[in-house]
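The structure's right below; bear with me while I get my questions together.
Each chain gets a letter, A, B, C, D, E, F, G, H, I and J, in the order it is written, and its residues are counted from 1.
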Amino acid sequence: MITMSKSREEEVHLLGNQNVEYKMDYDPAILEAFENRHQGRDYFVKFNCPEFTSLCPKTGQPDFATIYISYIPGEKMVESKSLKLYLFSFRNHGDFHEDCMNTIMDDLIKLMGPRYIEVWGKFTPRGGISIDPYVNYGQPGTKYEKMAEHRMMNHDMYPETIDHR
Amino acid sequence: MITMSKSREEEVHLLGNQNVEYKMDYDPAILEAFENRHQGRDYFVKFNCPEFTSLCPKTGQPDFATIYISYIPGEKMVESKSLKLYLFSFRNHGDFHEDCMNTIMDDLIKLMGPRYIEVWGKFTPRGGISIDPYVNYGQPGTKYEKMAEHRMMNHDMYPETIDHR
Amino acid sequence: MITMSKSREEEVHLLGNQNVEYKMDYDPAILEAFENRHQGRDYFVKFNCPEFTSLCPKTGQPDFATIYISYIPGEKMVESKSLKLYLFSFRNHGDFHEDCMNTIMDDLIKLMGPRYIEVWGKFTPRGGISIDPYVNYGQPGTKYEKMAEHRMMNHDMYPETIDHR
Amino acid sequence: MITMSKSREEEVHLLGNQNVEYKMDYDPAILEAFENRHQGRDYFVKFNCPEFTSLCPKTGQPDFATIYISYIPGEKMVESKSLKLYLFSFRNHGDFHEDCMNTIMDDLIKLMGPRYIEVWGKFTPRGGISIDPYVNYGQPGTKYEKMAEHRMMNHDMYPETIDHR
Amino acid sequence: MITMSKSREEEVHLLGNQNVEYKMDYDPAILEAFENRHQGRDYFVKFNCPEFTSLCPKTGQPDFATIYISYIPGEKMVESKSLKLYLFSFRNHGDFHEDCMNTIMDDLIKLMGPRYIEVWGKFTPRGGISIDPYVNYGQPGTKYEKMAEHRMMNHDMYPETIDHR
Amino acid sequence: MITMSKSREEEVHLLGNQNVEYKMDYDPAILEAFENRHQGRDYFVKFNCPEFTSLCPKTGQPDFATIYISYIPGEKMVESKSLKLYLFSFRNHGDFHEDCMNTIMDDLIKLMGPRYIEVWGKFTPRGGISIDPYVNYGQPGTKYEKMAEHRMMNHDMYPETIDHR
Amino acid sequence: MITMSKSREEEVHLLGNQNVEYKMDYDPAILEAFENRHQGRDYFVKFNCPEFTSLCPKTGQPDFATIYISYIPGEKMVESKSLKLYLFSFRNHGDFHEDCMNTIMDDLIKLMGPRYIEVWGKFTPRGGISIDPYVNYGQPGTKYEKMAEHRMMNHDMYPETIDHR
Amino acid sequence: MITMSKSREEEVHLLGNQNVEYKMDYDPAILEAFENRHQGRDYFVKFNCPEFTSLCPKTGQPDFATIYISYIPGEKMVESKSLKLYLFSFRNHGDFHEDCMNTIMDDLIKLMGPRYIEVWGKFTPRGGISIDPYVNYGQPGTKYEKMAEHRMMNHDMYPETIDHR
Amino acid sequence: MITMSKSREEEVHLLGNQNVEYKMDYDPAILEAFENRHQGRDYFVKFNCPEFTSLCPKTGQPDFATIYISYIPGEKMVESKSLKLYLFSFRNHGDFHEDCMNTIMDDLIKLMGPRYIEVWGKFTPRGGISIDPYVNYGQPGTKYEKMAEHRMMNHDMYPETIDHR
Amino acid sequence: MITMSKSREEEVHLLGNQNVEYKMDYDPAILEAFENRHQGRDYFVKFNCPEFTSLCPKTGQPDFATIYISYIPGEKMVESKSLKLYLFSFRNHGDFHEDCMNTIMDDLIKLMGPRYIEVWGKFTPRGGISIDPYVNYGQPGTKYEKMAEHRMMNHDMYPETIDHR
């Protein structure tokens, strides 16, 4: 017999719903939010997303990346299945590496108003170079804004060893 | 011939006791504490728990995670075998990832009143995304509260490389 | 000053040609071949292709795999840029894991008539399981047919450690 | 627009069907098969299953393993979602390590009559020792029976380095 | 509710029995066997034992090793908890590396009469050199004797990289 | 159908332009810049460049390095294909390790006036020693100058393990 | 011909002395110190000790750990061979994980009065959980006391990935 | 005082000779051989060459590879410094991946007439695919010819995991 | 044609000079310096030196270490080939681990007067323990002195995992 | 109380004998043998020796290697401490890589007359290339001679990935 917490069930529509439509053009309207049950506490949620792919806007050839999204929720949280579908919507969309990362963070800020959020993309190489953009954000006028600045200042001082093999 | 320290023997009931019952529904009453013998000193104890499993409250399918629990004990410490049984009690319990982590930390705070504690869950992927919630806590009004804030601000700036293989 | 071997230049049209069209539906006609310059010798060429993606024919959700293609050429060899475009053409195509691998091998056999070929796909997980199909082929009636049987019999006796993280 | 191969759609009931029931007692009837579309060719399919858990029949404590299942299909193949649910049905079932592996292989042989199959479980440690059973099978009277004997004779001559950390 | 297979319960005395005595001098009488339930089939069971320690018979200083024991059972199998206690009995016993490995294999052959067995010890270094003995055995006059010879001939052709750090 | 952002298309000439000339003598004029679309935000872009090679100015023998370039853009950003060609122009150029790193950073500062930039080269060994120069820069008189000092002070406190194999 | 520094020779009795006695009960009197030759400078010495083993005081079963000891010496330093023998004396001694770490640090503080010291034990798992205690110390009333507090506050924010295999 | 074997000194001109000329166009005349001192025995010599670079004959862009050369010497052996200079001579030479490997092997066969030789190149990726050619050779009419066939038949059945990062 | 920067050529005598003498007794006079061309900027140079060996002053047995030397140059820099020969001069020299590290740093400070320098040795084990000394230095009365203190305070909080294999 | 096997004590003189002399010129007379106690059985003993160093006979500069020695003993076995001293005697000896390996194997064959033996050296790089010689031997006229040939034919078909970092 399974015991379950019921409170999130009405809010979230996608989880456990088979008839979803996989949209292949960029569409931020796919994102869904639900209420953060632990608003009295700061905590992190990280999404590891190794299946991101978009198209190069100049050549049309596919780009691939692993994206790491970490945030401290405010009142709302992003539902994970809707995030999956949202990221999937970049599949046939053309945009540059750093623009994708900025767009994803902007859409998530608009959706849930997080206290803090960061998005890091690590792309596969083209022509012997791979590119890894990193963006972050803290609510303006709060300690989270300082947190964003602090993490930007200390970002990636130990770059992972890359040899493209 | 084995020489042993005897002082903890009366307090702890589970270690070396074969007739334990494995409860399969969430039950915080399983947790047992004993007295910290080194209260004059701050020190860390970390539990590595790669065998955590619970159920998705929407679909009923099993979730798997490795959980890292680190704390600086106050007057009491959690007995490790009772912790094992407690974590086992999530086996047939349905709850979301971030709710499990918050619940575990809340139960351990209630049990032992630690100076500082943090709980980090790293789940296996569903639909191409894996989720890693992180919560922490320091005794309000003490330096440990600042410590919690400091560690939250600097949390996971080097996300491990994840490719779901 | 760059010294170059000229003999392959007329045969191959794609390499160094910018105006390629990225087709997003499966199309084996994209594949191009050129003549093997070392036909008097058996040798292997392996392609490592970590950017393969197709769609699940039932749910429409994207699948991702790394594909390893190894072959001993006969009279013809597959041009690598055309191979890239061919694999790209699965991007919006729906097919099951093992069917993709069989299709890729069949198309390459038809294109170049290799002495020996094998195709191994390693997919990212869905629902806690990942699937890795492996197919191979040797020219019927030759020692390469026996080679295929030998390699099938000894295939993957040391499966790589997989934990989906 | 997505192009799909249609032929397997009627046979398989589970994939893309949300209303599945997660059974928590061992039940081989969960397994579903579909027809192998490439019966004229030997090929391998491997399932990586890092989320297997059962119970110790003596102590009732949970066991955890990663299971690797590899087979060469005959006329039928096991549907992967039904395999997931089947493995899940061991969750509250008590059986010894090597018995679980034998049972899983026997059930899959009965379901699909594979040409060749092997099952390798790698369990987490108890009391300083971890246990890894390996079973295999080839159709009696065929070359696959010899293949099974050959692979047993050469099994795991390079045991992976294990330190239980 | 837990479903269990009952047949092994009477045979095995140690598992789930708390009042075991940890003997610290070498004692092969600790080993217990139970009946192999799958005698109609060849299969492997491997024990990974990273907690082996004995004493140097000349200097008295402790030696440490990881031991890998793999075997194909005949009529009997070694009970894993008794194996743990048996290995523990080397703790204050003095013997050379290669003698320990030969002794362990001899004791297990005497206990269970396996079809095939091998024991590989990998010791920590002393004075800049580490030593790894490997012994194996197949029932004389059977195919398993040939199997032992085959595996000895092909043993460890890819020695793991060792730098003592 | 591919949807694309158009705004950068006119600025960048190299991407998608086949008729580039690979210059083999150091030439900073190759570098091209385009406008940063997200000037209201600090963010990092990192280039992983494992294919850097130059010549030793004393012996003429080739040197090889992996170079990591990370920067926070100001008004301009370096176009990645022009960066590739620029780095390629060191191929037949003779300069010492640390001079190469200083030159690359100086050229990129002159090109785009970044808020912050750092360049780290990790060279292959000669005569049993490998050399890794690291340089950084922040706009004088801004917080980025302090950032550079902060990152220099905390640089590489965990040197990667190197054994030249 | 070997040139040597002679000054430490009289102080240290164990190094190069074969007739040492390996005591198997905990005995801090084994520890020997010698004078720090570089007292005008702060520097670290770290001991990596992967061969630590003690006994569980409740069950008598052996525990295994790797211990990392790091310190900034004051006037005295611990002689490494005596440290080896001291750690060996826990072999047949029963004590809990965190008590062992506290005892080791206390004994080393008493022996040499270090400016700063820390001891980190990483134990092998029991019942699916492994435990890693960490203790540290700085001379009271000095900057090293603050250093200890600083390092405790920032301890282990990137727990190593543990899967007990 | 250094004791040395003198016999090879007259034959080899490059080792310890500073005034070498680094030729940047392909030139097999650079290769030097010396006499094999152990002709009564088969043994392998492997060269690991991670610093190979050539040019793409179509685009002129640089290619990079790690090359592994293994051989059983006959009467002659290749001098390692001359091999280094020879490989360096591909630096500004344009040739396809598989042609480079065939050329290198042919030149070494002509130089030293080895009993057996193999050359394996592993290139960095272009456009999401990396290519690894493998060639081998055994003296015709000898057991080494069969050896070459045997190794070709069993070549690379465990392709290394490649993700181009 | 090779283009080279000429300015360092007169200063450095060792690079490209074959007639060097390998001294086998410790000799700091081997070290050579040249002028730092980038004195207006702080930057790091790191030397990875995995081939360090000296002798134990008590037993005469050889010690082996990897040494990491990192520094911010002032007016002078150490020439890398002279550093190689200097480190080689410890080959038959007897000194304790921590004394070697202090000596190396002292000699380099005397040679070049760096702004900041640190030396970290990681030795292979003896008797089950390995030892890693770390020393650093900043110019007294400058910010680099504070930098040294800061880096000492934060030194090695994540000790690498060591198991001596 | 330590229980020990006594039989080897009289034969071996070095183990536990402090007054050994470390010879620094090549001297095979250092090697000592003792009787194999398990002559009725084939088994392997492997020595991992990561601390080998010799001198280049042309330039006098030090060479470093990890050596792997594996053998099946006949009537005699090499005593490990004498092996350590023997390998140490190459420290100031000049010889080429492949000559060292042949010499070591020849000396061990002469010492103990093994049934089978192999020696594999893996050297650190010079000038961008590292060299790994491999030699083996089986008693002429026995199955071990065939074993040597078999292992030579199948040697190192999966060369370890080398990048000299």
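As a convention for this text, a contact is a pair of C-beta atoms (placed from the backbone, for glycine too) under 8 Å apart; a residue touches a chain by one contact, two chains touch by 3 or more.
Worth saying up front: this structure is predicted, and the values here are computed from it rather than measured.
Asker: Using the touch definition from the top, what's the fewest steps needed to get from subunit C to subunit E?
Answerer: 2
Asker: Over half shared numbers or under half: where do the identical copies subunit B and subunit C land at their interface, same or different?
Answerer: same
Asker: What is the chain whose Cα centroid lies farthest from the Cα centroid of subunit C?
Answerer: Greatest centre separation from subunit C goes to chain G.
Asker: Weigh A-H against A-B on C-beta contact pairs and write down the one with more.
Answerer: A-B
Asker: Give, as an integer number of Å, the spacing between the C-alpha centres of subunit D and subunit C.
Answerer: 27
Asker: In angstrom, rounded to a whole number, how far apart do the mean CA points of subunit C and subunit I lie?
Answerer: 49
Asker: Counting only residues that touch at least 2 other chains, which ones in subunit I make the list?
Answerer: Residues 16, 18, 50-51, 55, 59-62, 64, 92, 124-128, 130, 154-156, 158, 161-165.
Asker: Given the complex with subunit J, which residues does subunit E contribute to the contact?
Answerer: 25-26, 55-60, 92-99, 101-102, 125-137, 149, 152-159, 161-164
Asker: Using the touch definition up top, name the residues of subunit I that touch subunit F in the complex.
Answerer: Touching subunit F: residues 1-6, 8-9, 12, 15-16, 37-38, 41-51, 66, 68, 70, 72, 77, 80-81, 83-84, 120, 147, 150-151, 154-156, 158, 160 of subunit I.
Asker: Considering only the defined contacts, which subunit D positions touch subunit B in the complex?
Answerer: For this pair, the touching residues of subunit D are 18, 21-22, 24, 50-51, 53, 55, 59-62, 64, 88, 91-92, 124.
Asker: For the complex, which residues does subunit F have touching subunit J?
Answerer: Per the stated touch rule, the residues are 61-62, 64, 122, 124-128, 130, 162-165.
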